[in-house]
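Please find the structures below.
Next, two complexes with chain A in common: one pairs it with chain B, the other with chain C.
The block that comes next holds the complex of A and B.
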């Protein structure tokens, strides 16, 4: 019984058409994924975004212009002045190598694309590949239609777009593709028990290790999957060969990345993979023995063997940890388990906004309706519970936890949410788009409802509601994917949906949700995730766009009008940008490897001038750069970040810098009349508000970020002088004065230049006496 | 530094031929020969006008000035003309941009040579001389030092210098387009900023409209009338503060009223250029090829006219490099630069999907001014095969890729079934 007569085609026509449509759909999905990431280019320009991408871009330029060897051995003397930085050994080179290869291929084909455009468009390009990889993986879980849904979900989900818009040239840009393709190949390897695929998974794993620090997620996910399969009693030789191939090749390959080095055998994060590898060998050994020995002997032997092996293995690991051969968990890792850990012990990690725990609305903002479909999809995975379903269940549990702990890890949750949501939605559509009606409606008592609906149209709405309930139940019953239905043939389905109205209602609702999802994604992408943050946009009163370009103005000024070797001090956030755009040495940058150096900068910023000055001179600082948003209301400025500088400095010099001194007695963070003395005397405060009062020509100055009225008397500077201020006062650059040639301290010298006499004191009277 | 020289006979149009003879070994003077159209009969006389342009002839004094100070420059010159002939009478007249002349100075030696009042200032003009008859000065023993004069005058126009200009012109017959891209390196030659830059003072001066004229906050480029799609960027990306005013369409009423006009590109550097500050940037634009290329049917050749540069008003160019990239496969090329360039090179330029590369010509020249905005004429032939080269190459490459894929798909490579 069907509700609709479908035209019939030859099976080969159907397969061919379906395959063509699939290819076309995938092509369009890749197109949608790429084009939705181009908002930033269209609204602004082809520019590298934010902070870290500026370093990656700079490194890529070195790679493209000087070749790989030169890049590999690159020592950058301008970073972390005066220490310098061994760049080749302290980065994940995968991203730069990828761009370099693409750049060289394009140039070999006589397509002289600028390296900047390669870098800007790398993330959108790889998002197309991610869509394809997600399609392949979801296809393994359910079928092609679920795969296509997953592909379009991952293509436009804001959770992934947030890290892969054009210009967001960061490791995550390629890492998510590598994550998905590695998982897909792992599943293929596991399904076939193929050593070839296991090795291929290892190759992509190596690429991932070379590209992103988040590779530890794969390093622990695959062993966890293998371990859970073991516990479920699903050990097989397929698992053994796939895992062994992946682990052996993958680990050796990953150790070739200099930044990773011997970590895979020396740190706790990697021990799970090693442990599972050993366990699998034991189990495989035991399995072999079982086939050779009688059952009783085997029991006895097994017990002793397992106890001995377990104890020995445990002792070895504990022993190695105690003797510090295996490094204990790093602080970054602890902060994943205890969200308060970083704030207490490593303020530098806590000071980064993307390391904060996720707020609930962020889940909806980044995933929209997928977050509701996600649990349904996970439940559906339990229905069949093949090996790959186990994988997805583990993945969803782990990723959900991590996404809750750190905003940044929303990124790893997004793919699994897209896959499971696609499974759920595709099951729903399979059920409701199936034109067959159940053969024997009486069996489950659905008939009454259906007929009553047909007979009494007055109760139409009520019965529809009822029907919806029934339909939902039926859907739940029929969710066992369409394979089951297909197998049974068209006419003999036991479970199914009656009537066409329910179908239209449910499918209409699903389509409505999908449309809302697309609108939401577009809106979020265009408004929230497409700002380069180097260039700011505001609206003029007439609605036209006004570009605020203060950062580049100031950086370019530094680049053009200061000596090549002048050292610029700023808070570490701007280190990479100064190196990239201004091309000047910096004290600290976004590669926050040296906490003491950062604390030194924090101390210089939060101390009074006369204490900071020796620090500045000792570090050869020529210019100091601060970000000040008080004039136009740019809230991400240095005064708002100031407490972190104080905290980090306090961590190293607890006697000299105290956070509480920077608050008012009532515990408020103020910059106005009531601001504390430490605050008012700090270099940061002085540099931010220097001559700010004069701008208001008599009227009291008003800070539009803190919404506070400034004191009448503005700060005075003796040891440094204003060198440049950008158009909207966002970037202010100060020059550090050299020591006074007459040997006076700079405060006295400045007072003298200002025409202020020193109070008459003894030396003058003595001179008078001499003259007399 | 003499950048340009033109010689005319008074009352006649057309200039006379000037032949540089180089530095004379004995007197160390640079000698030029002027060829008269016809020999001058004995006893008759002829008035010859020699125009020259000198670059970087004055220097700022004081060398440092604050943001609000007015700025003065000093011009120093020889009071006597270097000449291989006897000079019966000569005088030197200096015209300053403003009447505000702080001081002028004439050496005592020269003062004694004056026929009457040695120096007269009237308005913005200072006249030294006339002086008495002089023996030839371009001789070995002549010492110029005692004959110097100088004027210290106020400058109220920007003193900008283009330190280097790299122009690249690319011709495309398929797109019927000529793309021009200029890399500028600018320097403000006004006195260097004393102390540091204060945005507050700058904004207040801007607000009160008493900004020093030597601070440059914008420059205007006059582009050819057909210019379109202009772009303006520097090393860190697009500069959003530019405005483009296209020329009126030739058919429109405005164009009929105003006559032929240039398109204008107003460029605002990222930061105002104070004295001594540098700024580098790149501008580029497209223009229809028909505006500058002409098909000479008689000889079957293209004639291309490329402007050597787009001058900024009263701004010298210290070093210029112009590169003209012809279409791929252009043959039989002749090149005619508008003046004697110091170096001309031929190279090959490879751009999007080129197979053999395009012929390119690079012209190097130094010390240019507004009068050097002449046209480079280039004639060449492009055979039909060269036009079709690119689509054919791309077509064949795609065909190869597709057929390889097609073959691979149909070959069974499994080892056993």
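The block that comes next holds the complex of A and C.
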């Protein structure tokens, strides 16, 4: 009994049409994924975004212009002045290598593309590939129709777009594709028990290791999956071959990346993979013995063998940990478990805004309706519970925890949410697009359950074999993905939907939700995630767009007006940008490897001038760059980041810098009249508000970020002088004065130049300056 | 009679104090009270005299219940245990540094003089004269930074050790209780597990129990539970249940949002799994309409909830 007569076609026609539609749909999905990431290029221009991408871009330029060997051995003397940085050994080169290869291929084809455009468009391009990889993985979980839904979800979900818009040239741009493809090949390897696929998974794992520090997620997910399968009593030789091939090849390959080196055998993050590898060997060995020995002997042997192996393994691990051969968890990973750890011991990690915990609106913003389809999809995975479903379940638990702890890891949660949500929605569509109507018991008076009920039970208690058989039959008959599969699978089933109005209602509601989802994604992408943050946009009162280009203005000023070797000091956030755009040596940058060096900068920024000056001179600093948003209300400025500078400096010099000194007695963070003495005297405060009062021509100055009225008397500078201030005052650059040629301290000299007589107490301050 | 006695005692103690509190007297007072000197204004002036040859860590607190100062009573045990650890030090070094506490009830005018408006405050007074004067950077008076170190005794001992003549030999007392209970629990559950294994196995291998746990976990995690935990957000505030701001939330929002997500997911599941199994067309149709309605209404609520957090959100449904 059907509610709608479908035209009948030959099965081959249906198959061909279905695969054509699938290919077209995937192509359109890739197109949508790429084009929704181009807002930034259209609204602004083809420009590298934010901070880290500037370094990646600079490194890629070196790679493209000087070749891979030069890049590999590149020592950058301008970063971390005067220490320098061995770039080849301290980066994940996968991203640069990828764009280098693309660049060279395009040039071999005589397409003279600028390397910058390759870098800008790399992330959108790879998002198309991510959509395809997600399609493949979801296909393994359910079927093609769910795969297509998952592909479109991952293609436009803001959670992934936030890290892959055009211009955000960062490791994550290619890492998510690698994550999904590695997981997909792992599942394939496991399903087929194929060593070939296991090795292929290892190859992509190697690519991932070369591309992103987050590879540790794969390093722990796959062993965890294998371990849970063992616990569920699902050990099989397929698992053994797939895992052994992946682990052996993957670990050896990953050790070829210089930045990773011997970590895979020496650190705790990688021990789970090694342990599961050993465990699988043991279990496989025991299984083999079981086949060769009689059961009684076997029982005895098994018991003793397991006890001995367990004790030996435990002792080895404990011994290695005690002797520190195995390094404990590194701070970055440890802080995921002990969430208070980072704030206490590694403030530099805690200071990064993307390492903050996630409040619920961020989840809804990034995933919209997927976030509540997610649990439904997980339940449906439990219903099937094949090996790949176990994988998705573990993935969803781990990723949702990580995403809750750190905003940044929303990125790893997004793919699994897309997959499970697609499973849920596609199950809904399957059920309600099925044209078959069950026999109406009210009309017939007889239930057909007795005859057909045994054949296609729906609850999860049926045996696996039978289920597989049903799935295989359905897959073999797969025609137009959603409509006909179910039609063939369970004609004359007792379960189903009556009437056409119900179908229209549910399908209509689903389509409505999907439309809302698309609108939401477009809105979020265009408003929240498409700002290059190097160029800012604001609205004029009449609604037209106003581009604020202070950063590039200032960086080009540095590039054009200062000697090539003049050292620029700024807070570490701007290190990569200064190196990339102004091409000047910097003290610290976004590769935060040397905490003491960063704390030195923090101390210079938070101390009074006369204490900072010797520090500046010792580090050959010629220019200091500060970001100040008080004039136009740019809230990400240095005064708002100032407390982190103080905290980090306090971590190294707890006797000299104290956070509490920078608050008012009532514990408020103020920059107005009530600001504390330490605050008012700090170099950062002085540089930010120097001559700020002049702008207001007599009226009291007003800081629009902190909404506070500034003191009448602005700060005075003796040891440094203003060199440049950008149009909207966002970037201010100061020149550090050289020592006075007459040997006076600069404060006295400045006072003398100003025609003021100082009181004779000055020599004391000079001695102080020298002593410090 | 008792009153008279009290007055006499007060006069006596005052006259004694005025007569000059000696170093030996301070040592005696410290030893009498597990290393913590209970201060009054007179003793306070003596302990922090400008010609002091000793250093002192003074806790300003308000322990009596009428002030309802719960941080005070949180910090007091830590302070006491560190002071006690110090009292075990050899007397040559021990008598160079004192731990003392001044309650608001005893020394209101000292609080006023120092401009203290909140408690607890831990102030360190370095030695100014004599052999135990420290080199310059450590000679400053400072107040202990609670926001940085917290109320923990171990942190306190570690930080003060930079300023005392020798490091404070504080070791955290080993907490036997969780180990004891953990061990007992383990043994009991092993025994119970041995006998109830047949039933236990059913429970462990029940996939829907695991499903419920998994879904519960994901729901809680995706509604900002970790944010509330890490930031120590309150459950709710008097005037509002919803925290203002996009990157902010209260504890109660975890419950609300998790319930919303859970109900929305459940209504999808109902439409997928339950509804097709209803044999009667009329009842099935009713439940399709019901669940779709629930879905729509809950989704509208969720969006309106989101609009409170993000004022610029342009989409809305029913509400």
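One rule holds in what follows: the second predicted complex is superposed on the first by the 705 of 772 C-alpha atoms of A that agree within 3 Å, B and C clash if a C-alpha of one lies under 4 Å from a C-alpha of the other, contacts with A are read in each partner's own complex, and residues count from 1 in each chain.
Following the convention adopted for this analysis, contacts are C-beta pairs under 8 Å (C-beta built on N, C-alpha and C of every residue); 3 or more make two chains touch, one makes a residue touch a chain.
All values derive from a computational prediction rather than experimental measurement.
Placing chain B and chain C on a common chain A by superposition gives a fit, with no clash between them.
Contacts of A:505 after superposition on the shared chain: chain C is touched, whereas chain B is not. When the shared chain is aligned, chain B comes close enough to touch A:557, but chain C does not. Contact with chain C, but none with chain B, is seen for A:378 once the two complexes are overlaid on the shared chain.
Look at A:743: by the touch rule set out above, it reaches neither chain B nor chain C.
In the superposition on chain A, A:543 contacts neither chain B nor chain C. Legend: residue contacts after superposition of the two complexes on their common chain; A:755 is shown touching neither chain B nor chain C.
One of chain B and chain C touches more residues of chain A, and that partner is C.
Closest CA pair between chain B and chain C after superposition: 28 Å apart.
Under the contact criterion defined above, no residue of chain A touches both chain B in one complex and chain C in the other.
Considering their complex, residues 195-200, 203, 234-241, 270-271, 277-280, 350-355 of chain B touch chain A. Those residues of chain A lying in contact with chain C across their complex are 339-340, 356-365, 369, 371-376, 378-380, 382-383, 385, 393, 396-397, 400-401, 403-405, 424-425, 427-428, 431-432, 438, 440-442, 447, 458, 460, 494-499, 501-502, 505-506, 509, 513, 516, 519-520, 523, 527, 650, 654-656, 658-660, 665-666.
On the side of chain A, the complex with chain B involves touching residues 45-47, 109-112, 535, 547, 549, 552-557, 559-561, 581, 691, 694-695, 721-727, 729, 735. Of all the residues in chain C, the ones that touch chain A in their complex are 115, 117, 137-138, 140, 142-143, 145, 147-148, 162, 207-208, 210-211, 214-215, 217-219, 221-227, 229-231, 246-249, 253-254, 257, 260-262, 264-266, 268-269, 271-273, 275-277, 279-282, 284-285, 288-289, 292, 295-296, 299, 302, 306, 309-310, 312, 314-315.
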